[in-house]
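What follows is a pair of complexes built around subunit A, which joins subunit B in one and subunit C in the other.
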Partner chain A sequence: MGLIDNINKLFDHRIRLGIMSILMVNDDVDFNRLKELLDVTDGNLASHTKTLENAEYIKVEKAFIGKKPNTKYFITPLGKQAFKKHIDALEDLIRNPK
Partner chain B sequence: MGLIDNINKLFDHRIRLGIMSILMVNDDVDFNRLKELLDVTDGNLASHTKTLENAEYIKVEKAFIGKKPNTKYFITPLGKQAFKKHIDALEDLIRNPK
Partner chain C sequence: MDSKKYLDDISQIKDMMSRSSRFISLTGLSGILAGIYAITGATVAYMFLLPNDYEVLTVDSLKFKSIIGILILVAVLSFVTAYLLTTRKAKRNNEKIWDETTKRLLINFFVPMVTGGIYILIKLHSRHYGLTASLMLIFYGLALVNASKYTIGTVQYLGYSQIVLGLICAAFPGYGFWFWVLGFGVLHIVYGTIMHFKEDRK
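Then we have the complex of A and B:
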């Protein structure tokens, strides 16, 4: 059993880490707000939200506000659980690496 | 300025994060011990130590113990500084994402 076994590969990327951190403390966050908070491009954000959606760590909800399309993201119970485990593993690794 | 700007891309990968965490608290660690602690293959570990060496975050020292080659790694002052900054940014992101 290696020291990094509980570190989730899906959260290795800082953009995915950012998305998860934000969704942990907000009921939902829309695409533009995420983009702004993380300071990333549309394409970049879309690709990372897709990866997290495929893992069922986050869910997307598409709606219209007036005539404007609005895409909101929220974290799933599975995502919350996986992220907590990841953070615990990170803390363990950093505090007691050996 | 995005929330993840201070998260160092070089430490995104969990193997590199593992190497740095271990070298933060040990004066030096040899290749086989790192391999064992992280439970990774030779090739995988060698590629990630190389990336960290190229960034001058770690240094390598090759020697012989009797007739056996021994490769030791240690962290540089630059690496220590960069890793501390990364950990601070991680903590900030996780605790106060917005």
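Then we have the complex of A and C:
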């Protein structure tokens, strides 16, 4: 089994990588905060969160603050594990370039 | 695939982790100014307000109220200074000052601070003056350590120093005033100066 097998295709994108990084260190983050940190458009962000949600790496919670909809994102234990594995794989690849 | 891309990925991860969870560092200058306010306040208190040997300080006396007033003034001035200077620095670096992280930083700072403040006031009302300086140093130190999770930089070391000083202070009753000056005055100035030369000059 090559090292490359541990590289997670889902994380091979700047925005998805960013979403996961942010959620690793924050208990919960709302949509607008993600947008602001990653500097992306609504539609773009929504499609990437959907992908991660479908993989069950992140969890979504929708609520209303007053009349404003507020969407919060959390990382799941599965997502945490997958992300850690991905970072280890990146590290290995950098240390032992082929 | 080249390792350049992986390195970029790693730096993106690091950048996002720190930007999303950490507040920009306080400026060294605000530490220096906080120290100067504290020493100025202490000097005024020393010259005019500290009780003479034959005098008993009571909670209702004007002197006592003035001392509390000076303490509050020093705290508010330091806080406002830190706020203004940090805002200015954030603007210069194109960072937002008021976001989720700032809110968490302030909550984490004020929980130990307010707890300590109320505790000290209760103690004062029951005429336990002896440990006031020590308690102020300890609770302030705890607040700094607690809040430092959300700052870039080395605020936690200032916090640890204040806690240690507060504990030493507790062992030397009667010298509270001097320990207070050392902690809130001298330590702030020393820390602020170190920060100023280490970070702000960059």
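In this section, the second predicted complex is superposed on the first by the 97 of 98 C-alpha atoms of A that agree within 3 Å, B and C clash if a C-alpha of one lies under 4 Å from a C-alpha of the other, contacts with A are read in each partner's own complex, and residues count from 1 in each chain.
By our rule, a contact is a pair of C-beta atoms (placed from the backbone, for glycine too) under 8 Å apart; a residue touches a chain by one contact, two chains touch by 3 or more.
Here the structure is a predicted model, which is why all the values come from computation and not from measurement.
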First (subunit B), second (subunit C), both or neither touched by A:M24: both
First (subunit B), second (subunit C), both or neither touched by A:R14: both
First, second, both or neither for A:I94, with subunit B first and subunit C second: both
First, second, both or neither for A:P77, with subunit B first and subunit C second: neither
Winner by number of subunit A residues touched, once subunit B and subunit C are compared: B
A:G43 touches, of subunit B and subunit C: first, second, both or neither? neither
Overlap of the subunit B and subunit C footprints on subunit A, listed as residue numbers: 4, 14, 17-18, 21-22, 24-26, 37-38, 87, 90, 93-94, 97
Complex contacts: residues of subunit A adjacent to subunit C: 4, 11, 14, 17-18, 21-22, 24-26, 29, 33, 36-38, 87, 90-91, 93-94, 97
Subunit A contact footprint on subunit C (complex, rising order): 1-3, 6-7, 9-10, 12-17, 19-21, 96, 99-100
Subunit A-touching residues of subunit B, taken from the complex the two chains share: 1-5, 7, 9, 12-15, 17-18, 21-22, 24-26, 37-40, 87, 90, 93-94, 97-98
